[in-house]
């Protein structure tokens, strides 16, 4: 396995980079937290329920700091960033990694979907992205540019539904499209100010680390062993985006497994 | 001025078509109401403040029925459709024509925008589109197909911000992208059920009828007389979409004036 | 069946509109020729083999003028336009309706496709679009604007392959994407000069009129009767685009049957 | 400066990777050749005039092998790949880096552009991409997958004109769109066969190394020092794409400088 690394700036990066991952689970968040910690960053993870075993393991094994936060609440998000600044310093890398779907909304047609569930999905996903992006932008503007010319990086994890409105998925299509639109607006606004904004739709099911430590990255009924996006590799792309020089910033990167149909 | 018309189905259409326009002002809503009424449809317009003079004039001159409705409220939207069905019959053409921006949000950077205003913009625009689209879909499914094979048409008026996330416009980019995603999901879901769904981003400033009856369709500081989208012509496109045969449905039509830069 | 019509400008239009359709067969070209002739235009159709029975029938029944032209040859295209101007007047509506695929290229993988066939497909489709668009633009610039403010309309028929690069279809993906890129460049350049340019990808199989006069618009193995795009309805959209007022021009309209998956 | 690197597979990679860059100049091609050579790959560069000093320097300083090839000629491209296989081994990374514009075509309107120049641009750029992609695909299919699961990587350098058809740029819009369509078709076809295909539009002017060894990366009349895409950083992204694990392949990455307007 290979990783992106930074030979000559590693020591500087080790001391300066503060990463905040909003949304915490056994997939992308954990992979990002592990990789960022290994690369020498100080890492914070915020979640509604920060006591999940998977997050406790991140703290224990990688020194990741955990925060409780309902990211759809403006007051809570403001407090989160204040606490992270106090504990670790101003973030230079913020990942919004919240899917936001209320369980009951899955697979519902436009006729069946509960309005309240659709609304909560929009708030959990899109509105929380706005709140997190806003706080990140406010703080990063005052950062000194790092060796790649960036004051900071804001990455929005997104889904296939940001690229295409699928049937029986109206509420999620709204939320993912909203997040993509926000990211694009922020990119046009903040990049000339030295803040790198990226939208990363994962056009696939995402594998994860199971409780026994093994990886789930095969879909039921298939024979191919890596037909789910491996979150460790997603995390590598996030790190590469963070380290990309500002003369060549990518705004959107769609990631999908080799066997995915699109 | 030319209009799309239907020589051989006009009489049928006159008796059967019920149009509901949600969102009411002097621009697209008024133009649609006038054109649809002239074409023989029974027309309803819903607005938060249905007593605006421009809507009263539609009633007086074109027999348009007015309804009070906060389209971001699920209960109100359900009642609106119930009332329209009772008064005019089941809608066969529903236009969601709500911009939704809270005044204070205009031109705000991501750092300046008030979270509550961003949230209200999302609710006013995107969530109301969900509510209106849902009620329309529920009712139209039971319609008999008309001569063009459609059980009904649902049109979402949208804006440039659905096509591109502009700087200092994050909240509106979210709302417009969300509406586009919803429309696309609904199109994929409902078209095979015989309901035509369309997203129509107007990539321009929109002209309107001024109080003295004259048209505003020139931007300040310009010399070209038709460099704003004329809502009467937008309404014609909506009518053409409604009458389009189901063997050739357009989902998205972007309208812009000839001199617009894009 | 309904048609787009122009009540108050019909007589003017009858005398002034000259339509040239490049590419001629039993589908879109024939439907356009018939509709445009019925609407009072003087109509020309150009094809490599203008003696096809279907084109002879257009001449006999609708007064359509036939021209022989290899549209991928610059000299031939220049002569075509000169002849049409001489015979019918300067075109106000030009439709490029050439698929361009060399038969042997269908379904070939990137590894199998003959380079010469790929190249011919590119020339037949994309390069001919350039040549036809160029001559149309040269002539239309001198036209007087009609009642909708347009000096002329140039429409490129396109295919699903303009929207998406399908596997085993590399050469056609190149040709269709090229045509779309050309159309977009021409639209940005020519619209502010009063010439309406449109790209119309038909995202479906297209029905046609069979020799016995019946319509083929059902795919093998299906039960739905209108699951192919009906070229008569495509022609209506072309006419609507031609008559669209310049304050609200659509550049791209994707047409697909209601039951199409996308 | 940071680079993507592969700690545990470096020695294997050193011995196995063969890179072929088609199109050679002082910008992206040179940067790629240098970086790939430093990473231990055997590197070939093909150009119409392989005797340019900049390419001779690559040979002298980095052991890059030079080949003469008109990439728009099927026979020449077939011979190129045969020669590279004979000299260096089967390529695992192929970069198509040809702009293709005939000098006289720059800035020409649709009315002014010479048909022959438009045609040559299409052939130089799009058709050569087809030929190079085809040979690469033929050979790579027989490769053993490397540690990231890929049999090889094919990267097409593209331009803003692939994303948007600009006015007075019709011929280039055609060529770039065609190349993008080809890349997308090849990606859908070849990714499930283990070959990574990527389209990389550089949405900016590109800096380059000047004869005195200094870098040009400031546009005339600007003050910002890195407002042109730095080809060394573009090369890093290419390397990252080549090393990306097949569970998370990116097809398209648009690169633009932080201050670029889009």
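All chains are identified by letter, namely A, B, C and D, in their written order; residue positions are counted from 1 within each chain.
One rule holds in what follows: contacts are C-beta pairs under 8 Å (C-beta built on N, C-alpha and C of every residue); 3 or more make two chains touch, one makes a residue touch a chain.
All of these numbers come straight from a predicted model, not from anything done at the bench.
J.: Could you find the chain whose CA centre sits the greatest distance from that of chain C?
T.: Farthest chain from chain C, going by C-alpha centroids: A.
J.: Determine whether chain A and chain B, two copies of the same sequence, contact each other through the same residue numbers or different ones, counting it as same when over half of the numbers at the interface appear on both sides.
T.: same
J.: Taking the mean of the C-alpha atoms as each chain's centre, how many Å separate chain A from chain B?
T.: The separation of the two C-alpha centroids amounts to 35 Å.
J.: For chain B and chain D, what's the span in angstrom between their mean Cα positions?
T.: The separation of the two C-alpha centroids amounts to 46 Å.
J.: Can you tell me which residues of chain D touch two or more of the remaining chains?
T.: Residues 188 of chain D touch two or more partner chains.
J.: For this assembly, give the contact graph shape among line, ring, star, complete and other.
T.: Here the contact pattern is a ring, one closed loop where every chain has two partners.
J.: Go through the chains and record each pair that touches.
T.: Here the touching pairs of chains are A-B, A-D, B-C, C-D.
J.: Taking the complex as given, what residues does chain B use to touch chain A?
T.: 74, 109-111, 113, 115-116, 118-119, 122-123, 126-127, 130-131, 133-134, 137-138, 141, 161-162, 164-171, 173-190
J.: Per the contact definition, I'd like the list of chain B residues that touch chain C in the complex.
T.: 1-9, 147-150, 188, 191-192, 194, 196, 202, 207, 217, 226-230, 233-234, 236-237, 240, 243-260, 262
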